[in-house]
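Order as written gives the chain letters A, B, C, D, E and F; numbering starts at 1 within each chain.
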Amino acid sequence: MDGFLSLAASNLGSPLILSFVLGVVAALGRSDLVFPEAAAKALSIYLLFAIGMKGGVSVAEHGIDLRLGTSVLTGVILSAAMPLVAFWLLQIMTRLDRVNAAAVSAHYGSISIVTFVAGTSVLESAGMTSDGFMVAVAAAMEAPAILSALWLISRGGSGATVDADLWREILLNGSIVLLVGAFAIGMIVGKEGMAEIESFFVAPFKGALCLFLLDMGLVAGRGLRRSRDVLTPGLLAFGLLMPLIGGMAGAMGGLLIGLPTGSLFLMMILAASASYIAVPAAMRVAVPEADPGIYLTLSLGITFPFNLTLGLPIYLAIARAISGG
Amino acid sequence: MDGFLSLAASNLGSPLILSFVLGVVAALGRSDLVFPEAAAKALSIYLLFAIGMKGGVSVAEHGIDLRLGTSVLTGVILSAAMPLVAFWLLQIMTRLDRVNAAAVSAHYGSISIVTFVAGTSVLESAGMTSDGFMVAVAAAMEAPAILSALWLISRGGSGATVDADLWREILLNGSIVLLVGAFAIGMIVGKEGMAEIESFFVAPFKGALCLFLLDMGLVAGRGLRRSRDVLTPGLLAFGLLMPLIGGMAGAMGGLLIGLPTGSLFLMMILAASASYIAVPAAMRVAVPEADPGIYLTLSLGITFPFNLTLGLPIYLAIARAISGG
Amino acid sequence: MDGFLSLAASNLGSPLILSFVLGVVAALGRSDLVFPEAAAKALSIYLLFAIGMKGGVSVAEHGIDLRLGTSVLTGVILSAAMPLVAFWLLQIMTRLDRVNAAAVSAHYGSISIVTFVAGTSVLESAGMTSDGFMVAVAAAMEAPAILSALWLISRGGSGATVDADLWREILLNGSIVLLVGAFAIGMIVGKEGMAEIESFFVAPFKGALCLFLLDMGLVAGRGLRRSRDVLTPGLLAFGLLMPLIGGMAGAMGGLLIGLPTGSLFLMMILAASASYIAVPAAMRVAVPEADPGIYLTLSLGITFPFNLTLGLPIYLAIARAISGG
Amino acid sequence: MQTHKAKQVAITIEAPMERRLRAAIEEAGVTGYSILPVLGGSGRSGPWSAEGQVGLAGGMVQVSCIIRPDRLDGLLESVFSVVERHIGVVTVTDCDVLRAERF
Amino acid sequence: MQTHKAKQVAITIEAPMERRLRAAIEEAGVTGYSILPVLGGSGRSGPWSAEGQVGLAGGMVQVSCIIRPDRLDGLLESVFSVVERHIGVVTVTDCDVLRAERF
Amino acid sequence: MQTHKAKQVAITIEAPMERRLRAAIEEAGVTGYSILPVLGGSGRSGPWSAEGQVGLAGGMVQVSCIIRPDRLDGLLESVFSVVERHIGVVTVTDCDVLRAERF
C-alpha cells in the first residue's frame, strides 16, 4: 500500500500526467486553446515510430526468443476474449442495446498505445526494464477485438459485415503499420543504427509525449463536456471497472507465460486500456448505428484518464506483488 | 555606448534575428515561402509551454518570494495604465479616431511573448539570469490593457461591451492558459521532473525559436507589403516611440520594486512590446469597427521588429546602467 | 566491387532508407497511413534550413575559396545542359511528344535536395567530409534546367513563355530562398552562433530525415500505384539510365574543377537527382499541357528511389575510384 | 431519387466570431451546420492569408447550414445580429436534399 | 461567356467512409470530384471538431461533384447506397459550368 | 430579411496558378473572394491527394467569388483567360446575399 501510494503520487506529479490534466482543465474551462489537427497527427506518427523502433532495437539486442510468440498469442487471445466479458458486463450494468454494447466492448478488447507509452515511461522512471517485443504485442492486440465485437453483433441478427476493404483497413491501419514497420526497422538497424537517430527518437521522446498528452487532455475534456448526458452511472462504473478487470486478465495471461515484472505490467496496461483511434474508425464504417458519443466518451473520457492517473500505479503495484519483482 | 554597440551588434548577428530578417526579406521579395498555419501554431504551443515550464521550475528552485506578488501587481498596473498613455500620444501624433486609437493602445499595454522569449535568450547569451516568475508577470499583463482600451472606447459613447463570453475568452485565451498552466507544472515537478524532458523543452528551444521567428518575419513582411498605405509618418513614429516609452515605464516600475538587472530587463521588454495575437482577436470581437490593418501593422510590422533588433540591446544597456548590474 | 557491395548493404540497412521503404510498402499495400500536408511542409522547411545553415557555417570555418565560384558555375552549366541530353535520350528511348519530353528533362537537369541530404549523411556515416559550399551549388542548380526546357519547347513552336511573375517564382521559390538564406545565416553566425542552436538543427537532423523519407515513400508509393499505366518500358529505362548519365556528367564536371572526393560525390548526386518539387510547380504554370503523371512518376517514383537505394553507393564508389579518395 | 427543397446558408465570418455565430444559429433552432476552413481571401478590408498565422484574429471560417425553407427567415435574422457589425459574407442558395426528414 | 447547365452534388460524410464514397461515385461513371476538408460542425449526433484529433473517426469531409444533369439520378442512387446507414448530408444545386465538354 | 440576387463563381484550380487567378479576378474589378483548401479529388488527369505533399504542384484550391450579376461576364472572361490552358473547374450558381451594398 505504501509502495502504491508513493507510486501514485510520483505518477500524478509527473510532467506527463500534469500536462494531461492541464488539457482537461483547459477544455472544461472552455479555453480556446487547441492543437492543430496536423500537429496532433504528426506527434502521433512520431510517438508510434519511436516506440516501435525502440522495441525492435531492444529485440535485436536481446535476441528473438520464444516468449515473443507466446506473448503475441496471449495478447491476441486477450484482445479477442475481453470484448465478450465487456459485453456481458455492459448487459448487466447498463441499458445499452446489443449494438452499442458490442461497439463499446470492441474498444476495451483493443488497446491504447498512449497508455502503453506512458507505462513504459513509468517503468523507466522506476529504473525497470521490459521486453522490446511488447510493442509487437501491442500491435497484435489492436484488431482481434474488432472481430469479436462484429461477431457479437452479427449473432444478434444485425447486418454488420466485414468486407475485404474493411479487413484491409483494420489490419493495415496507420498505427499498426507504423508500429510494426518501425519495429522491423529497429530490429534491422539494431543499437548501432539507432545511435545515429536517437537524439531525435529517444532523448526528446518524453517531452513530445507531454505535448501529446496535453492535446489528449484537451480532446478528452472537450468530449466530456459535450457528452455529459450520455454518462449514466452504470456506464461510468463500467468505464472504471472494466480496466481493472482487463488489467487482471492481462496479469493472469502474463503470469501464465512467465513474463517478468516490467513486461507483465505492460501486458496489464494493454489489456486494461481501451482504443480511441483505430476501433472508433472501424465502428463508424461497420456499425454506424452505434453511437460514438457513448464509446468515445467511455474510452477517451473515462478509462483513459483513469488508467493514466490511477491505473498505472495500481497495475505496477500489482505486477510487482504477483511477480515478486 | 560602447557596451550598447557591441550588444546591438551581437544581437543583430544572432541566428534568431537573422532568421527573422530572412523571413521579412523573403516576404518583401514576394517569395512563395510560407509556413503552414498548423506548424506555426504548433511551434507557438511548444514555445509557450517551454517558457512557462522553465519559469515554474526556476521559481520552484528559488522558492516563492514576495517579489512575485509585487512584480505581478506592477505588471498589471503597467498593462492597464500604458494604454492611456498610448491613447493620448496617438491623439497628439496621429489622426486616428477614438476607436482606432483605443484599439491600438490596447496592443501596447499588452505584451508580445516572443519578444519576451527573445529577451530571455539575449540574457542567456550574456550569461545573466532572471527571475522565473517573470513568466507569470507576462501572463498577467496580457489582459488588463484590453479592459483599459474598452473603457476608453465606451467613455466615447461607442457601444463596446464585454459580455461574459468575451471575459472568458480574454482571460482563458490559449496563450495565458499555456503559460500559466506550464508555469504551474514547472513549479510542481521542479528541477528533477524537468530533467526528464529538458532534451525536448530546453536544448532545442533556441533553434525552434529561430524557425518561429522566420515565420514571424514572413507574416510581418507580408503584412507590411499589404498595408504600406496605412502607415502615415505619425503612426510610424508612434510605433517606434511607444516601445521606448513603455520600456522606460517598465524600468521605473521594476526599479521601484527592486528587480535585479535581468528581471528589470524583462519587465522593460514586457512593457515595451505590443501584442499581436491575443489583443487583435479580442478587438475583432469587441471593436469590429477598428481597422486591423492599423493595429496589426503597427504592432507586428513596426514595433515587433524594432524591439527585436534595436530595442533589446537598448533595454539591456539601460537596465544595466540604472540597476548597476 | 567489394567496397561497393558493403557500401550498398550499409546504405540499404540504414534507418533512412528503411523508413523510405516502409513508406513505399505502406502505400502500395494501401494502408491508410498518411502524413498531414502541414507536417510534411514543416519538416521540409526544417531540413532545408538546417542543411543550408550547416553549409554556411562550414564555409565560414574554412573561408570562402575560389572553388565556390567554379563549383557554382559548373553546377549551373550542368543544370542547363543536362536537359538537352535528357531530351535527346527521351526522343530515342520513348514516344513522348516534344512538350512532355522537355518537361521531363527539366526535372533531370534540376536537383532533389533530399537525395543530396541523404548523400551528406552517407558521407558522415563513412567519416568523410565535403565542402560546405555544395549547398550553394545545390541552390544554384534548381532553376537553370527549367529555362533550358522552356527553350526546347519554344523552339518547337509551342507557346511556353516565361513572364516576369514566373521568373520571380522560379528564382525566389521557397526552397531556394531557404537554402540560400540559411546558408547566409550560417556564414554570418559561424560555428559559435551555430553552437547555440545545434541541438535543434544538427543532432536531431537524421531522425527528422527518417520521418521525412517515410513520407516521401508514402507519396512515391501512392504515385506509383496511381500511375502504373504511364510507365512504359522506355520510360522506366530512362528513369534508371538518366541518373547514371547525370552522375557521370557530375563526376566529370567535378573532376575538371578539382573537387575532393566528398564534394565530388555530392556533385554527382546533384547531377544525378531529379526535382519533384520546384520544377513540377513551374511546369504546371508554364507548360500545363505536359502530363504531371509522367514527370512526377519518373522523378519521384523511379529515379528518387533508385538514387536513394542503389545510386548513392554507386556514386560514392565511383567518386572514390576516380578521385583516388 | 426523391429529393426535397432546402436552402443552403453559407456564412463567411472571422474566426474569433465563430463561437458566437454557432450560438446564434442554435438559438434560431437550427442544429445542423458544418464549418469549412478558409485559407485566405480579399474584400473591402484588403487581402489576407492564414499561412503562418498563429492567432485567430487573422483567419475566417465558412459556416454552412442546410435548412428547410421555412426556417430561413429565423436563421437569417439570428445570423444577422451577429454579423451586423462584423465583416463577413452571407449567401443563400436553393438546393435539394436527400433524406429531408433529417432537417 | 458560354456556360452549360450542370448539377453540383455535395456530400458531407464521415472521413472513414471517404474511400467507399469515392468508389461509389466512380461506379456511377462519374470521374470528376473534389474533396474539401470540414473543420467541425453539428448535427443530430451532436457537435464535433477536428481540432487536436488524431483518428479519422471524428472527422468529416465534403465531396463535391459537378455533373451533367442527366447523370444526377445514377449518381444519387450510388451515393445513397453508401450514405444510407451513415450520418451525412447530401445536397444538389443547379449551376452553370464553363467548358462543359469536360463533364 | 432583405436579400439581393447575386452570383457565386467557384473556380477550382491548381495551387501554382492561384496568384495569377487572383490577379485576373482583381483585373475584372472584383475585389471580394475567398480561398478554400481542397484536400484531393479526381478528374480527367486522374486522382490526387494533398496528403504528405511538400510542393505546390500537386494541390488545388477553390476560389469563390460572390458578385453582382452584372459583373458575371467580365469576371468569367477574365477567369477564362487564366484557366483556359489549365486544368480546373468553373461553376456559377445563383444565390441571394445579405448586405448587397458590399458587392
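What we mean here is this: a residue touches a chain if its C-beta (ideal position, glycine included) is under 8 Å from a C-beta of that chain, and two chains touch if they have at least 3 such contacts.
Since the model is a prediction, treat every value here as computed from it, not as a measurement.
J.: Can you list every chain in contact with both chain A and chain E?
T.: Shared contacts of chain A and chain E: no chain.
J.: If you apply the touch rule, which chains end up adjacent to both chain A and chain D?
T.: Chains touching both chain A and chain D: B, E.
J.: Looking at D-E and A-B, which one has the bigger number of contacting C-beta pairs?
T.: Most contacts of the two pairs: A-B.
J.: Compute the distance, rounded to whole Å, between the mean C-alpha positions of chain B and chain D.
T.: The mean C-alpha positions of chain B and chain D differ by 34 Å.
J.: What's the distance between the Cα centroids of chain E and chain F, rounded to whole Å?
T.: About 18 Å separates the centre of chain E from that of chain F.
J.: Between chain B and chain C, tell me the centre distance in angstrom, where each centre is the average of that chain's C-alpha atoms.
T.: 41
J.: In chain E, what residues contact two or more other chains?
T.: Residues 36-37, 47, 56, 93-94 of chain E touch two or more partner chains.
J.: Which chain B residues touch at least two other chains?
T.: Residues 32, 34-39, 41-42, 169, 199, 204 of chain B touch two or more partner chains.
J.: So which chains end up touching which?
T.: Every pair of chains in contact is listed here: A-B, A-C, A-E, B-C, B-D, C-F, D-E, D-F, E-F.
J.: Which residues, counting only chain B, touch chain C once they are in their complex?
T.: Listed in rising order, the residues of chain B that touch chain C are 13-15, 18-19, 22, 25-26, 29-39, 42, 125, 199, 203-208, 210-211, 214.
J.: Contact residues on chain C for chain B in the complex?
T.: Listed in rising order, the residues of chain C that touch chain B are 36-39, 41-42, 45-46, 49, 53, 168-169, 172-174, 177-178, 181-182, 184-185, 188-189, 193-194, 196-201, 204.
J.: So in the complex, the part of chain D that touches chain E is made up of which residues?
T.: On the chain D side, the touching residues are 1, 3, 6, 8, 22, 26, 31-37, 61, 66, 93-99, 102.
J.: Provide the residue numbers of chain D that touch chain F in the complex, in ascending order.
T.: 12, 36-44, 47, 60, 62, 73, 76-77, 79-80, 83, 89-94
J.: For chain F, which residues count as touching chain C in their complex?
T.: Counting only chain F, the residues touching chain C are 14, 16-17, 19-20, 45-47, 49-59, 85-87.
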